[in-house]
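Some notes on the structure that comes next.
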């Protein structure tokens, strides 16, 4: 019965315009900057086309601001229709408490299992075999962005991997460039470290440590090497007064810094500044060592509500979010990769195409938001922001504390 | 009949009815909320409060966290400096404005306006002004003094004083207004008397007026002190806790762990420690203030 | 204050004390140019410059275009004045899909601020009055708890209050938000009023009781008219706090009631993407205008307070 | 006639501190009673209890035979005048005077009439439209009295009404209050620490100490026959001189002091006196000096240590052995410090107090 109804609903969603009733669905998210808002507008447009109405509840300031609001609304018994979370372990408890809707029926009707690529994305939405969220995009952290001009000025070739980059740092210093741009916010420090881990110790090590809580691995020689590399990165990043990640990106754009390790959202900054991939800047996925894409990203969750109209609208929204047209329109604006492999992104640029190829080849790994709870990520942030800002902290001390965090994670 | 002593419950009935909102707030929200917080600080609640008790685990982790220790140290330094400077500057400004000057409205509004602006932007503007690359240091250097160095926000040793500059700029206006209200409540005869006696103005302030303003000072103290304990927005806007962990404060620890880190238990443990510290100060004060002594 | 009418009174003789303090007597010096006044005004002007510096930076920045801001000198006056950022902040800046700028939340802010300020001040002043003058049993205990409450970080109370409001059925409504503001304003405001009323002469209160005024009569007829400065301080505190509140506004209401600060936050606090500093500054100044106007207007009451406060009997 | 005010076993405690300790007092109709004592003796507290401004812990208060212990202040038929005047600063004088009447919902015409009458009585008619800030101290106190006056009550309570005024104004207003009482014949209870106010105004004075009434009597009786050594010392300036020694009642009453022993002929003892260690008190103004001293039954030869000429009188501080006396002499006395001075006095004028109980023998 239920499956049938959902199937009907889903099909009405696809044949846009024939919906019987217009339901207002409040959607909370934290996409408020220019490109993000344009991307959301695509989602809203697609949803409105089904005959329902997207009521926008944008709250700037990322998860730390939006999360208490979302949770309060749910606890207060007056939830929104849908909300954005990073898929992974953030919503675990809400699911366990039965506050979020099981969307398995929609997923089956739409055949998400077959179209979502890589499949691990859907795993992030799955608890006990049931699917609770609709993934919308992939944002990978595993990128090194380099300024071609900065290396030219320093008289060295643009590096093709991490070791070359480290070797070039003295030349960059002498040319008055900052070798590595790193903002002061904690999440940037931890992100850099995790990228180093994947590139230098390999994705398996990361998954073992974060996924299985393998403390032996965390204390082992592979990680020792990563911590030494992090110390190199620390030396390379000394001497800047920047906070925000986009200020760091701006240093690469203006050729005052050699490079930056940052997720694919940095690409938007280059685009706004009119820089051309391959000519003005280079991108090295996986630091040129392990060309990989991690499957971090955003997903929508749907709180349990009494109103059957809203429930129906939630089903429609979930189906709409993953439709090929929406995926293309949304991800082009957002600068992220689509969650399904069967769509065509001809408009993508050089770096984005690199990403798509890696994705096609199946070289993916789960993201830290999937592997770790936010609590663990927060502790890692604290550790690494301290490490990268305090040169007196030795790699050995940092590794010892790292092992402690891994030990206590759950 | 008024011959018997009425039930004490019904004496001052109007006053008690009027105080019901206060009593409810005090008992339900503040006492209830505090006990709720303390209770859940012994659980491993993550995103949602759940009664899964784990003993003192959260506290153990808290006191092993270097970030928490740095936060406490920062709060101490900031608190002491901010308390002293707020009072001194606020009172001096109020005394200046109380000289029956012209344009008092304009001066008062100028001194008070920073209070109207949100912390987010206060932090941003001061972040600019103190930025060595285009703020004060840049201006002074471009005027020829090349070795001039002033970059409090980027020096972990003094970053908390950089926050203090912005905090005082934002908050002293309110202290000034409070003090001014207090001064306006002082009998003008005091001034006449002290002038007749030939007492210098500063002595009149220190020995006569300030002691008379004790209630205002207590109010101000609570406002300033509670603002210090809850210091959060300004740090987030100005330094984000950095460089490194150099300007972290306890309230930020609480917030970050409750919502960013999705570890309510840890946040509750941290706030329980904060509340405990406050209680250690307030309870003896209340006993001193209310113990036995009454007006009448 | 003219005391001249009375034959017994002497203050007019006393009112010449400046000469006593400052030394040489003689013809009264021209008031406006006395050394004392130069010092006072000089000091005030220097201090005001320090207070105005950030405002200058904000105004100047809000009038520049983005290319000029990227040049870096934050103190330089705009080469080319543009009001575009102001227009954008007020009417065009986007919050997600709604590109109506701050104007969208303005009336919501007004709708939230007025009842919240009134409710919190009325309740707190009555509390302060009951605590200062009627001192019923247990009053000191409740007062101590309230002061303790002033130190509780707001964030800790978020979820308990959500549950509380849900249970009384006001979650998600404007009145729920008014209650929240009243609760969190209560400690400081009650303290403010209690201490002020305590400093008023108690004999006035007694006289009014002998004159047959009861709880409310004394409050409205005697206490309130004597307390203008403290009501102004309370209003300054509450208007600013509530107008600038962001967290409670979004946690305890729905998008249809979202205050202006939600848009301000969305304009200023977007983490990803290019920061438009000129629009940020314009938005901040626009948001701050309402409290600023209140400060300036209420100042009149402040000066009037002199007359009331000066009379101790 | 029943008493105007009657206080029965009144106890007032603040926490652990007992301020009024089982106090009893009866005030007659139309009587002017002064509560006198040093600060902290409970006199203002007692007045506040009568007014109903403080809740009593035990005991009862009757006004005109009615138990008012738990009545509101405004229902007790009292008017009160405060030390700081307590005028409502935001109201005009007229507003201050009429506030109580309006609260009692007196018709408007009558309010106006009563205010006008009170203003006339107190000669404050020109001030009716002014605010208290524009009045002098004396004028403010007149308005404060007027506020009690308009209420047409039987009992007036004054709480140190003149302490905030300067000496001359105080004397003037004292006379006015006395005249007011003579004209109105209301019961008045007046708290002060000033014994001159007490002596000049009171029909009876209640001397208080430690929350109890030590003596409640006419000014004359309190001056001449103080019930205890404390009362004797409290009233009179300079204070009463004391000789310490022993009273022997076995035969003719005698007093044996360190410097002299003498008969107590003509001293009026209390009902059942007991002998033993005692203090013999004599007021400075009851001591005669020079040649007249020779005629007195008790005599000392003293030396003058200090002379204070006051114009109307001259005070001298003299000693005989280790016994010192204050002596009041004629204003034009030529005595100088270092002179020898014979003094003498009658036992009839003396008051003798038991050393232990301090009660008058």
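Points worth noting:
Just so it is clear, A, B, C and D label the chains in written order, and each chain counts residues from 1 on its own.
As a convention for this text, contacts are C-beta pairs under 8 Å (C-beta built on N, C-alpha and C of every residue); 3 or more make two chains touch, one makes a residue touch a chain.
Each chain and its UniProt protein: A = Probable sugar-binding periplasmic protein; B = Sugar ABC transporter permease; D = ABC transporter ATP-binding protein.
What you see is a predicted model; the values in this text were computed from it and never measured.
Centrality annotation: B (chain centre taken as mean Cα position, compared with the mean over all protein Cα atoms). If you compare A-B with B-C, the chain pair joined by more contacting C-beta pairs is B-C. Using the mean of the Cα atoms as each chain's centre, the chain most removed from chain B is D.
Mean C-alpha positions place chain A and chain C at a centre distance of 42 Å. For this pair, chain B with chain C, the centres built from the Cα atoms lie 15 Å apart. Remark: chain B and chain D have CA centroids separated by 52 Å (rounded to whole angstrom). For chain C, the set of residues that touch two or more other chains comprises 1, 155, 159, 214, 265, 268-269, 310, 312. Shared contact sites, meaning residues of chain A that touch two or more other chains, fall at 65, 68, 71, 75.
Each of residues 11, 133, 255, 258-259, 294 in chain B touches at least two other chains.
Residue ranges on chain C touching chain A, taken from their complex, read 94-98, 155, 158-159, 162-163, 165-166, 171-172, 247, 250-252, 254-255, 262, 265-275. Within the complex formed with chain A, the chain B residues making contact are 46-48, 50, 61, 65-67, 127, 131-133, 151, 153-154, 156, 239-246, 255-263, 266.
By the touch rule above, chain A contacts chain C in their complex via residues 26, 29, 31-37, 40-41, 44, 54-62, 65, 68-69, 71-73, 75-78, 244-246, 265, 268-269, 272. In the complex of the two chains, the chain A residues touching chain B come out as 63-65, 67-68, 71, 75, 90-94, 97, 184-186, 241, 243, 373-375, 377-379, 382, 385-386, 388-390, 408. Chain B contributes residues 8, 11-12, 14-16, 18-19, 21-23, 25-34, 36-37, 49, 93, 96-97, 99, 101, 104-105, 107-118, 120-122, 124-126, 128-129, 133-135, 138-139, 169, 173-174, 177-178, 180-181, 184-189, 192, 195-196, 198, 200-201, 215-216, 218-219, 222-223, 225-226, 229-230, 232, 251, 254-255, 258-259, 264, 267-268, 271, 274-275, 278-279, 282-283, 286, 289-290, 294-295 to its touches with chain C in the complex.
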